[in-house]
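So, here come the structures, one by one.
In what follows, subunit A forms one complex with subunit B and a second complex with subunit C.
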Partner chain A sequence: MTVLDARGLSCPEPVILLRQAMKKKDDCYEIRVDNETSRENVTRYAEHQGYHVSVSEEAGDYVLLAQRP
Partner chain B sequence: MESAVRLTKLAKCAGCGAKMGAGTLSRMLSGFETLTDPNLLVGFERSDDASVYHLDDERALVQTVDFFPPVVDDPFVFGQIAAANAFSDVYAMGGEPRLAMNLMCVPEDMPEHTVREILKGGYHKALEAGVIITGGHTIHGPEPLYGLSVTGFVHPKKFLKNCGAKPGDVLILTKKLGGGILLTGAKGDMVEKETLLALERQMCTLNKKSAQAMTPFSVHACTDVTGFSLMGHALEMAQGSDCSMVLQTTEIPRFQEAIELAEMGFVPAGAYRNRAFAGPYVQAEGVSRAVQDICYDPQTSGGLLIAVPEGEAEALMATLKASAPAAAIIGAVVTRKEKSIYLV
Partner chain C sequence: MTNKRETRIILLAGALIGLIAALLVPLGNPGNMGFCIACFLRDTAGALKLHSAAAVQYIRPEIMGLVLGSFLLALLRGEFKPRGGSSPATRFILGFFVMIGCLMFLGCPFRMILRLAGGDLNALAGLIGFAAGILVGVYFLNKGYSLKRSYTLSLSEGLSLPTISIVLLILLLAVSGLLAFTEAGGGPGGAHAPIWVSLAAGLVVGALAQYTRLCMVGGIRDLVLFRETKLLSGFAAVFVAALMMNLILHLGGRASFFVSFEGQPVSHTDFLWNALGMALVGLGCVLLGGCPLRQLVLAGEGNTDSTMAVLGLVCGAAFAHNLGLASSGAGPTLNGKIAVAIGLATVLLIAVMNTFQKGKK
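On to the complex of A and B.
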């Protein structure tokens, strides 16, 4: 699993970070973001790449788990 | 001319996407005591594009101000876009901008050449618009900002409001949507150069000729589509006119590349703010999320949204085509229904 911390980044930086990381085609990514725009945009990118995304909240952040179906 | 500084890297948000949300703004401004004046024909209460103040039988004063962080890396182009965007509010009222003052904020370490190129862009557009820049104010700050405060004139009985649309009107949009999404994608180097150049050309295009094209027609309402997106500005028009609107999403002019970028998550924060504000008044069942994103996408130096009687629409379109090749009839005004806007 690849773990990414995208807190403190504003749009579209979290998506760019994930895009770079997804070039190695891992089966599972955990991405931590701290705002709703990033949550939505990162979810969209992962889904667009064919991953299934689940979101949980943790200490005010959003933790996104992107897994290959 | 390319600059050594990549301007957009210095900006947190792109252009009108940096605008405070409409809902927040109205909370911030509520409850202040203001003077009433019979000469004030349009003030803040109507959320219109500019204020209009009656001077005499032939003239009313139009005033507006607009500024934002860099949307493109070329400082000369950024200056032109900021100026075209600032003048646009006057054109949206059917007026002619005449005087302007620069508003500028630049980091202390920004090369003098870059600052000068931004200003050169502003003066270049002002000349084209027939506007005299009479001065301004420049301060130092971490994020570059540029725009202008603009004064213009309009006939006190012939100015265009953002309300006044009537059932039976059709709606015309004069520029393509999707600019905010493209600018967000550009920050990730996701946009082809040709597409970005086409967007830059569109943002640099004054709404002057489109405004002039409207003069012979009985336009009922007009506004420019900027940071609050097509949905935000159309909602103001629908609510202010006590009508609803039916918009044909397939007819809405747009940069096609923005659709895939939206699906990939290159959606600016402003689009989410606009959706939160206007979404409850919009029905969009059956319209794809990406097409909806285009409708909520904040535009910088966007086009005019014009409500005109159906019988005059084709003639107005024919006049507009020369100055606004992307102009399209995007929908119709109907009697007020449960929702203000229906996307179909």
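On to the complex of A and C.
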């Protein structure tokens, strides 16, 4: 699993980070973001790439888990 | 799935925003200027006597409405979060030069769309420059451009721009004698819709933009970066709806619509400098993470990095008119051309320094 910390970064930076990391074609990515726009954009991008995304909240942050179905 | 739903919502919201913007003109706002974040911040700076260009002085309630509409909806949705600290001084400077670019072209990206929808072909020059500026910005984003992360801040910090907005409204309503206002017929500042109409329009558009994350720069940016069309659909919807409403108003005799380069309201026909002005805006806005409208909306959500960008915009507007940098219907000024050149150089330098610096995370 690849873990990315995108907290505090404003869009589109979290999505660019994820896109960079997805070049590795890992089966599972965990991305932490701290705002709703990033949550939506990262989710949308990962889904476009064929990942299933689940979201949980942790201490005010969003933890997005993107997995290959 | 979410994608289609999101797209439908932003299409609807964009259409509504385009309609409201077009309707504000027969209600009193200047031609093709139902909304213009740059012009309205500039007018507001003038009303506060930060500059003394008599033709462009009025506290625009649309601006306060945008901030407060976003603020209230963000509160309701639990999305109001005070945060900031991501290179505030750099953001101020970027905001400053984005305004210099806007006042070269005579409009922010939002007004660029409204000008296009009003038949103003000079906005095409702006659009070409704007897209070019965004492409340069995307290059830096792809190379790792970042203004570093933001942090959670205190409530008072997050409330700064919403509070300033309320204070400005109180000034406008209660002690307008302190302020400078363009007289009716004395220039764009003298043309405005009734206060409550402007405020209501701002509140609605601010809330819609908060809900949908609408951003005029994000549309082209995300298309190039990710082949993502959500924000671009909003951009297109604003254009189509404003165009249709302009045609309806024209047919109904409430406004005049004509397609031309010459004779369009609050515009000039210098192709090159229209394009260069908006190139500065496109690049500067990508580096800021959003267009001037988006900065107001983010500031309403408690993002004080955006508040810094807005303050930079206001300061840029004051400088632009104090030093003769802003264009007029007669065309750009020499000072303005020099300022745009300095702006492009500065903004490029900021991009380079925040992309290729050593020891970068």
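We adopt the following convention: the second predicted complex is superposed on the first by the 69 of 69 C-alpha atoms of A that agree within 3 Å, B and C clash if a C-alpha of one lies under 4 Å from a C-alpha of the other, contacts with A are read in each partner's own complex, and residues count from 1 in each chain.
The working rule: a contact is a pair of C-beta atoms (placed from the backbone, for glycine too) under 8 Å apart; a residue touches a chain by one contact, two chains touch by 3 or more.
Just so it is clear, the structure is predicted and the values come from calculations on it, not from any experiment.
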Combined model on subunit A where subunit B meets subunit C, clash or fit: clash
First, second, both or neither for A:Gly8, with subunit B first and subunit C second: second
Subunit B versus subunit C as contact partner of A:Arg19, first or second or both or neither: both
Which of subunit B and subunit C A:Ile31 touches, first, second, both or neither: neither
Partner chain in contact with A:Val42 - subunit B first, subunit C second, else both or neither: first
Set of subunit A residues, in rising order, touched by both subunit B and subunit C: 10-13, 15-16, 19, 35-37, 40, 43-45, 48
Subunit C partner contacts - residues on subunit A that touch it in the complex: 7-13, 15-16, 19, 34-37, 40, 43-45, 47-48, 60
In the complex with subunit A, residue positions of subunit B that touch it: 12-13, 184-185, 187-188, 262-269, 272
Contacting residues of subunit C [partner subunit A, same complex]: 2-3, 6, 77, 79, 81, 83, 86, 141-142, 146-152, 213, 218, 221-222, 225-226, 228, 230, 289, 305
Contact footprint of subunit B on subunit A as seen in their complex: 10-13, 15-16, 19, 35-37, 40-45, 48
